[in-house]
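Input: a single structure, listed below in structure tokens.
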Amino acid sequence: ADLDAVKNAGTVRVGMLVDFPPFGIQDASGKPDGYDADVAKALGEFLGVQAQIVPVTGPNRIPYLLSGQVDVLVASLGITEERAEKVDFSKPYAGISIAVYGDSGLEIAAPEGLAGQSLAVARASTQDTGVSAVAPQGTDIRRFDDDASAVQALMSGQVRLIGLSNVVFSQVSTVAGDRFDKKFDLSSQVQGIAVAPGSDALLEQVNAFVDQAKSDGTLDQIHQKWLGEPLPDFVKNAQ
Amino acid sequence: MYQFNFQPVFGNLDLLLYGAWLTVRLSLMAMVLGLVVSVLGAVAKTSGIRPLRWLTDVYVEVIRNTPFLVQIFFIFFGLPAAGISLSPNTAALVALVVNVGAYGTEIIRAGIESIPRGQIEAGRALGLGPAQIFRYVVMIPALRNIYPSLTSQFIYLMLTSSVVSVISANDLASAGADLNARTFASFEIYLVLTILYFLLALGFSTLFAAIRRAFFTYPASR
Amino acid sequence: MTEHAIIMRAVNKYYGAYHALVDIDLTVTRGERIVICGPSGSGKSTLIRTINQLEPIESGTIIVDGVELTAGGENVARVRQDVGMVFQSFNLFPHMTVLENCVLAPMKTRKIPRVEAEATARKYLERVRIPEQADKYPAQLSGGQQQRVAIARALCMKPRIMLFDEPTSALDPEMVKEVLDTMIDLAREGMTMLCVTHEMEFARAVADRVIFMDKGVIVEENAPDQFFGNPQNERLQNFLGQIA
Amino acid sequence: MTEHAIIMRAVNKYYGAYHALVDIDLTVTRGERIVICGPSGSGKSTLIRTINQLEPIESGTIIVDGVELTAGGENVARVRQDVGMVFQSFNLFPHMTVLENCVLAPMKTRKIPRVEAEATARKYLERVRIPEQADKYPAQLSGGQQQRVAIARALCMKPRIMLFDEPTSALDPEMVKEVLDTMIDLAREGMTMLCVTHEMEFARAVADRVIFMDKGVIVEENAPDQFFGNPQNERLQNFLGQIA
Amino acid sequence: MIREFSSADILFIVSAVRWTLILSAIAFLGGAIGGLAVALARTAQGRLPRRIAAGFIQVFQGTPLLMQLFLVYFGLAVLGLPIDPLLAAAVALTLHASAYLGEIWRGAIEAVPPGQTEAAVALSLSYRDRMRHVVLPQALRLATAPTVGFLVQLIKGTSLASIIGFTELTRAGQIINNATFKPFLVFGTVAALYFVLCWPLSLLARHMEARMRLAITR
């Protein structure tokens, strides 16, 4: 829906993940929380409307947007070319870096080393695209429905490698100690707020919001709260 | 309004068709093995051996009253802890067999119990042993009596198999999901997936009807 | 080979608390033809079913063809091969053709090769006068034809004794005669037969002895002319009045 | 009210390609009692089932109680209320007590209040001599009792015509008599009756006319003494020889 | 950042049972009405209603519920008919349950011996009275056990409604698992809850089946 519709309704419906810590989680009372939730609230304030959060999942977040069930996605959606064909992205509001991690005993330093190994990723995630782009022939890429399942595959020994964001990996380390380490970086990935194609006025406002939140320190503050450091430079500087 | 564009789907139809083939293969193997498990389960349940009956009961009730998703999860992620590490496709097959085996056990048991006592007595009066009676007298009519329930359970199995993508096993649904991840043409993909599943179900119904004609069409008594 | 086909001594049978057979004593000589009658529920079926151990007994002795039936074991299987049984409701196997019905048991229990078993089967189908039905399924036959297949099936095991449990009572009147004629043929050939039936004509024609049961007890036992002409027991007199 | 209870003219009935009734002509006077017999598959059931339109016919005319049964429509419902039917297999409603079986149709189709319907039902249960069974379920009764309930249930609709399709052939020999006695009572009271049966004693006792069918054709039709004493048709002579 | 699996999580999962129950109830009510219609159409005299009902059953038994839910919710919205998720779930689940129940009940109706219908016809009962007083009560007895059995499958099947945004039992488990990485604890709890919901129903079905077998063999 475009800006008029949002203003008329008095609420902006924001799709976000609730199973992607620390960007989207549920707090102890079951309410959506996390980096994306705080950004969504700030966006609502900026637009002068109520932000109504709609929990979505990785596989169905784009259908939610395209079928008009939500107005915007603040759903840790990495900006990629393929996605940009379906949805319109704002300027980046967050970013993560993605890498291949795995059993500490494995000696792998570059994509070529993946041949003959099995590696877990969350289906349709940025790391899925990233790994698929560089993996040589003979890599057994196993696509799970979400990061949790992929991590579970790693932990239970079903795979020895995983494509994961730094953010999630740091959480894994707290449980698994030094059983796993980083093999090589894939990419850093910036994430954008997405609107349905044709919602140009809304997109303009969202971009204005992102600019303002970057310059007035709002995003730094939220990033600090959830990830323990200010918004990284590669996000600030990205176009 | 949304502009439908089937190009990404038809451009990759070969992937979906390959996925459909995987689903067919997975379901067929699960059906055959599941039938074996079901017959064994039903024999155990109707046998006089109490612990065996009790064990089968526990198996059947636990499986029938918990979701398939959880079952497949435990088989794939849980068994490695016990030293049994199955590949995704094998784990999917095992989970499906375990699942359909529980439903099938109950169905086939009902079939066995639907055989008139007189049939078994006739077998005994002819001097046939219990195993021979089961094999030659009971089995075919029992399967015939419950054939519709059994085959609809098999179709249900085929549809349920779409869940196996959660453990990264390959099938039609996961082919669709992969394509979705690349093209984001969700509606088009789901529509085509639904049609493909429908065609598979239709195909299986036709196959089952053919099997019935081949093996179970003796004239029914009036 | 003894001269006695069946000896029952002080046989008692219970269904739970119900006393279904009370102190049954019965001796059947080889080649003898016995008809059993009596009101519904009097224990006729139970009696003949104990003879091939379809029903276990609680006390007493049953000796069939010189073999004592102790509970279970080898003996039972051996005896069952020697004792053919024909049920009221035929109990043909519906998923097999007539011929398959007839060759199953000889092939599986006597290990007779198929060719030979089929030859025997066809011979007995001829004997019951339905050779042309060999390849049909039971459901395609009339009741009378089905019962004759059941008789042929039992004969294919070459039993020394045949048991019949109301073999004609599920049949249409016209078909009764077909089956009775078949049974009369068998009787003429000297087969030992026990037959539960209310067909009094049949009893008169072939029975050596007629037995009347009531409430699990053998109440009267006599040659047919005495049995029908001069019944002693009051219940029997009543019974004969009803079914005449 | 006409004097003719049933008139059938040139009635033909097919099951698919099978010609089940061939040019049937039959006139039944009010109060007449007719027995129909014939070999299995000869079309006896089919014939009486066409009279209350359980089977549609392909050509010809059937007039019941002055009402012509054209395909479907009001007429059929009206005629059915006047024609009671008793089946070989009783077909009592197993989930209702005897009394409920009897009052269902009068209450639903004739809109008779329950009290009155129950009074009528009890009267007819008395008539068939089982008033004490009113509150039992069918499964708790013997076959003979069930069949008498079926008769009472049909009578509760106060039909002018009763059709019986082998009402005693599913019964044990002892129970046959109970049911035949009930039917003889009814016949004495002047009810128009068509009865398929092989009970020749019954036919001799009550029938005004006996009809013999073969292959869908009425082959012979005569008063009982002629019918049994001096059968013309060869097939009938044969048939009588078989069932005697 | 990995949270411990806490009592709040258990509470969250337990409270998600609410949605599982609501969705099951809707599906069952809708399915009962739709299923009866399908079963009656499938056993009707006319060829047309029989064909239509057969086609309906073939389609909705032949496609995964997941896809049905997806297409009803997102598909209708894409076609310009935005639809409330609860309504979408109700529609899809009703169609799904109608097909299955219709098929179960058709079988039960056909299992009532034809003599019963003939006796009712001979007593001149109308179609309605015949169905209502004679056929359906008897069919009901045959149908209860498989119906309850299907209800168990339905309860588990409602987990698919998470694709259109319902946080019911299974989805709640996934969410908590993603935050805690304790799959066995989380899904063990989920499985136990399903078992608690379904097991009594299974017992009931089995009990009814046993009672019916007694009634029939009496």
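Going in written order, the chains are labelled A, B, C, D and E, and every chain counts its residues from 1.
As a working rule, a contact is a pair of C-beta atoms (placed from the backbone, for glycine too) under 8 Å apart; a residue touches a chain by one contact, two chains touch by 3 or more.
All of these numbers come straight from a predicted model, not from anything done at the bench.
Undergrad: Considering only chains that satisfy the touch condition with chain A, which of them also satisfy it with chain E?
TA: Both chain A and chain E are touched by B, going by the contact rule given at the top.
Undergrad: Pick out whichever of the two, D-E or B-E, is joined by more C-beta pairs in contact.
TA: Pair with the higher count of C-beta contacts: B-E.
Undergrad: Measuring between Cα centroids, what's the chain most distant from chain B?
TA: Relative to chain B, the chain whose C-alpha centre sits farthest away is D.
Undergrad: In steps of 5 degrees, what rotation angle do you get fitting chain C onto chain D on the CA atoms?
TA: Here the rotation carrying chain C onto chain D measures out at 175 degrees.
Undergrad: Roughly how far is chain C from chain D, going centre to centre by Cα mean, in whole Å?
TA: 36
Undergrad: Chain D to chain E: how many Å between their CA centres?
TA: Roughly 45 Å, centre to centre.
Undergrad: What whole-Å value do you get for the distance between chain A and chain C if each is reduced to the mean of its CA atoms?
TA: Computed from C-alpha means, the inter-chain centre distance equals 82 Å.
Undergrad: When the C-alpha atoms of chain A and chain D are each averaged to a single point, how far apart are the two points in Å?
TA: 81
Undergrad: So which stretches of chain A touch two or more other chains?
TA: Residues 59-60, 63, 66-67, 152.
Undergrad: If I count partner chains per residue in chain E, which residues reach a count of at least 2?
TA: 70, 74-75, 78, 183
Undergrad: Give every touching pair of chains, nothing left out.
TA: Result of the pairwise touch check is A-B, A-E, B-C, B-E, C-D, D-E.
Undergrad: Considering the complex alone, what residue numbers of chain A touch chain B?
TA: Residues in contact with chain B: 59-60, 62-63, 66-67, 82-83, 85-87, 120, 123-124, 128-129, 142-145, 149, 152-153, 156-158.
Undergrad: Quick check on the complex: what are the chain B residues that touch chain E?
TA: Those in contact with chain E are residues 1-2, 61-62, 64-70, 73-74, 77-78, 113, 148-149, 152, 155-156, 159, 162, 173, 186-187, 190-191, 193-194, 197-198, 201-202, 205.
Undergrad: Across the complex, what residues on chain D touch chain E?
TA: Listed in rising order, the residues are 52, 54, 77, 80-81, 83-85, 87, 89, 91-95, 104-105, 108-109, 139, 153-154, 157.
Undergrad: Please give the residue numbers of chain A that touch chain E in the complex, ascending.
TA: Listed in rising order, the residues of chain A that touch chain E are 18-22, 25-26, 28-30, 54-57, 59-60, 63-64, 66-69, 146-148, 151-152, 155, 170-172, 174-175.
Undergrad: Can you name the residues of chain E that touch chain B in the complex?
TA: 58-59, 61-68, 70-71, 74-75, 78-80, 103, 107, 146, 152-153, 156, 159, 170, 183-184, 187, 190-191, 194-195, 198-199, 202, 213
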